[in-house]
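Worksheet: the structure to be examined is printed underneath.
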Amino acid sequence: MANGDIVLGANQYGKAECRLVRITRDTAVHEIEDLNVTSQLRGDFEACHTEGDNSQVVATDTQKNTVYAYAKEHGIGSPEKFLLTLGQHFVDDFAWVSGGRWEAQQYAWERITADGKPHDHSFVRKGQETRTAVVQIDGDETYVVAGLTDLTVLKSTGSEFHGFPRDRYTTLQGTDDRILATALTAWWRYAPTDTAIADLDFNALYESIKAVLLETFSAVHSLALQQTLFAMGKAVLEAFPDVAELKFSMPNKHHFLVDLSPFGLDNPNEVFFAADRTYGLIQATVQREGASEAPQAWATIPGFC
Amino acid sequence: MANGDIVLGANQYGKAECRLVRITRDTAVHEIEDLNVTSQLRGDFEACHTEGDNSQVVATDTQKNTVYAYAKEHGIGSPEKFLLTLGQHFVDDFAWVSGGRWEAQQYAWERITADGKPHDHSFVRKGQETRTAVVQIDGDETYVVAGLTDLTVLKSTGSEFHGFPRDRYTTLQGTDDRILATALTAWWRYAPTDTAIADLDFNALYESIKAVLLETFSAVHSLALQQTLFAMGKAVLEAFPDVAELKFSMPNKHHFLVDLSPFGLDNPNEVFFAADRTYGLIQATVQREGASEAPQAWATIPGFC
Amino acid sequence: MANGDIVLGANQYGKAECRLVRITRDTAVHEIEDLNVTSQLRGDFEACHTEGDNSQVVATDTQKNTVYAYAKEHGIGSPEKFLLTLGQHFVDDFAWVSGGRWEAQQYAWERITADGKPHDHSFVRKGQETRTAVVQIDGDETYVVAGLTDLTVLKSTGSEFHGFPRDRYTTLQGTDDRILATALTAWWRYAPTDTAIADLDFNALYESIKAVLLETFSAVHSLALQQTLFAMGKAVLEAFPDVAELKFSMPNKHHFLVDLSPFGLDNPNEVFFAADRTYGLIQATVQREGASEAPQAWATIPGFC
Amino acid sequence: MANGDIVLGANQYGKAECRLVRITRDTAVHEIEDLNVTSQLRGDFEACHTEGDNSQVVATDTQKNTVYAYAKEHGIGSPEKFLLTLGQHFVDDFAWVSGGRWEAQQYAWERITADGKPHDHSFVRKGQETRTAVVQIDGDETYVVAGLTDLTVLKSTGSEFHGFPRDRYTTLQGTDDRILATALTAWWRYAPTDTAIADLDFNALYESIKAVLLETFSAVHSLALQQTLFAMGKAVLEAFPDVAELKFSMPNKHHFLVDLSPFGLDNPNEVFFAADRTYGLIQATVQREGASEAPQAWATIPGFC
């Protein structure tokens, strides 16, 4: 393998983590949108790598400026819609830009209650999960993957784990009642059949999908975290035809029952030690049989199989 | 200053960050309490430092075991109450332990909604502020300082800053309309006059004080973050006679208005860049005139003046 | 896309972040190896997901036990070698395990100097970059990708950036002298032609490749971070025939020259503000022309294109 | 306690975490100084808090500008010297500023080796401990407290722990051979008797004190982490007459011997699990007998007793 010229392979570049807060203040009742936006371009950037020729390098500073200018010119609406508009601009306006990757995290805020009613312009950060979105354009293809991360959930009962194989290195005992907890990361790919992707109501879909994920986590009597994961994916696919597939990453956040017997105390699933590391890590894809796959849509989503 | 024997000064030791989850499951409707507990003892521990004599060193492992055993034997109730009970045990049961410091963070959870009602045993972490408590015992004195950290709030208008002095190094222009945002850390010291401190309803007080802090942040038309801070402290002291004083640490999380004029766009307080560092940092105490001070209560609260 | 059964797609599971410290103490001069190991299996785990049938689920706890037992039975040697041995065990010993992913971070330590010489058993954590390794087995294929992360480097001169295209959103001025700084993440895939992959001297290769990366960063007079990146990859491929390709992720850690002119001071590239966010982000692959690609080797490396 | 007016207590404000990189480029061999500077003022700021009157509020933005301008005008030299100069400016130039607190972290860099010799202007971040300094001015008093944080050290033998008292909650067994590891935070207060404090060679002192701390950690056969801590403080005080006292915070980073007996393996102190939480936490002061104390110097050092 040691012969042959050395060449540039796949590449992308841009400006990362543009912290963007957009206030809508058309009336006295303000709205807030709070995002962290990354823009990266793909295309013909070989001369920059091999010769330091920047004549086609849309500066990362320019990409950042465009993010803020577009927030004014086009508004946000939803992270998915904002990224679609932003990405299309770069692909359309620079001949050598064939595609790219645009990502956002969004942080939710809620109004502070004052004098018994929601305040017009004072907000407290909700602080629960972070909403995520990745838009990729690759020539004529556009991929939209939405998701959330760090949604921490726990069931204090309704979870078992037993029946696993035993080998020389197995010491774990099965249990028919344990705490099940995870900090959910989920991604789902939108692929509507009846509408243009840009016409989806991304905000409404996000809230509904989050609700289904939470409700299914609650409802499943779990024999394995894998089973809970699959049920959550299945429930979303059944309820939302515009979702083609989901990927989940679920740490099994172990809550170990503390052995209180040395102190003459029983512990009927009441007192737990919540461990940091090590932790289980369950990752899987749930999809529709026979549906077309889109590996390119997932290529840069961190850490999934 | 270089002569004289070298001696041990103030010291404390113990077990830090015992992650403790307590499930109350007397009925099918479970309750969850989620804490991070640190126990540290003070007293006669000189021989350990100077000679490695551990005969009076209550092992940090023993302190950890006691945390978990007490969670079973006494329940939690509130972080303040739990720490008071825990601390009193060490002071009462070991002759050479004259006091100590016991700290907890508490993480809030809320029930997941399933089938339109709150689920019995499935929870999602609320994820907003972290509740904090520090109990110190020093001989006959007991100090209870409660608080919260990382409560991120923002006003999209109703904040000005101008009229400050100008010197050679001043470039900032005053403004009569800016975003005001902070990640609030607040601590308050309980000192009831009519009741024993252990009889306070710490959970109800916590919720009420948090509500007053949020409401006052909203209500104040702010000429300086310092003014908002003082008003928040004043409102709490006026409403809660059992609170003796408060200390605040408020980063001024700058939201810089983006200059869109190079792109032919105006920006009437709509598009902001949210900066990480550098940030303003405002810290102050608000107290009752003539009230007795308690420097020992504050000595180990991180970073305050 | 809404019809069709809902099925399980790609999946993997295991135990993450097993913190493993291995002391070799055959003589009075101890050696330390400090790793963070993740083991994940792939194969036929469908019944667990769809029915909660754990009869083929090698418990994540068993995987953890195996990590620690193998550290005793086989030693570490290098993260790559340890993961190869570990992974082969799971594939060989469980019929339904067809492959998996094994990852490690390694933290370097150096001996403390005491009495003018390196101490036998006292160490200080080196604290520079983290060494990384990912081994994947997929049927008969074995992929070894090694790397490093958070190697922070800076040139105080010898870096220019100009000649980029200008559009409506461009405000950046070119410069012929700037600070260039990055926190390097690099991954390289080993694909030896003359030896079995397990016979590579991974530790010696790691140190040599790190040295080439650092030296090339220093030597290149940079017209763009992309140019530096490509030169670094090229230098490694030229020097190490057993490396098939590299992927880099390089944040452009901006150091902004502070405008001191309002204070009557010039600033000839002396005083800089080091920004956190936003930052440039440059990612690219460097490879040998015509070499066979191995997308599966890279599928789970976080965040690359 | 509920009566009395509500008043402002102790307070300070300023600009935090000014990331400052200073390049000295008088010759082709550049030097780099990399700091994180916080400036906070104390004095008469009551009207700002109570009325929003900013006429005495030296803007935090002005404080930031001054940090960068002073880096140009006066250079850095050492964090202590830089903070002394900076602080004196605010106290001298604003009548109502009676004191303040100035803090810095410093990050060390080393030259990259290229062509077998240290490069003129290319650096790699050393990445070990962070150097720290806090200067406080209070009227005529000036306090300089220097230190370091996150210096992670480990002994693979030469550490015992036994002989501790046993009560109902004690389960720990004593050991005569364990791993001892900590991430050292140390602070020391300079109080020279023969020289003005500003004339100390802070950089040389820092390197020498760090060396003594490391060497003493290595040399002590430890019966308790407390014993190691005290010996480290004693060694510094004996060697450096300009140091008046030290405070240490030492997490006992537990490395648990893994029980391999279920797998038919012994484990003679070879394979360990490095735990994150819970951890021991040992904090103590070491000082000269009869020396004057300086509680004000320590009031804002986080987390100490």
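Order as written gives the chain letters A, B, C and D; numbering starts at 1 within each chain.
Methods note: a contact is a pair of C-beta atoms (placed from the backbone, for glycine too) under 8 Å apart; a residue touches a chain by one contact, two chains touch by 3 or more.
Predicted model, so just to flag it, every value in this text is computed and none were measured.
The greater number of contacting C-beta pairs, out of the two interfaces A-B and A-D, is seen for A-B.
Greatest Cα centroid separation from chain D: this falls to A.
As for how the two copies chain A and chain C face one another, over half of their interface residue numbers coincide.
Per-chain Cα centroids separate chain A from chain D by 38 Å. Inter-chain spacing, taken between the CA centroids of chain A and chain C, is 23 Å. Centre-to-centre, using mean CA coordinates, chain A is 31 Å away from chain B.
Residue numbers of chain B whose C-beta contacts span two or more other chains: 18-19, 65, 69, 169, 171, 262-263, 276-277. On the chain C side of its complex with chain D, the touching residues are 18-25, 30, 32, 34, 65, 68-69, 71-73, 109, 112-115, 119, 121-129, 150-158, 179, 211, 214-215, 217-219, 255, 258, 260, 262-263, 265, 267-276. Touching chain A in their complex are the following residues of chain D: 168-169, 171, 262-264, 276-277. Of all residues in chain A, those touching chain C in their complex are 1-19, 38, 40, 42, 45, 48-62, 64-66, 69, 93-94, 101, 161-167, 169-172, 191-193, 222-224, 226-227, 229-230, 233-234, 237-238, 241, 244-245, 251-252, 277-292, 299-300, 302-305.
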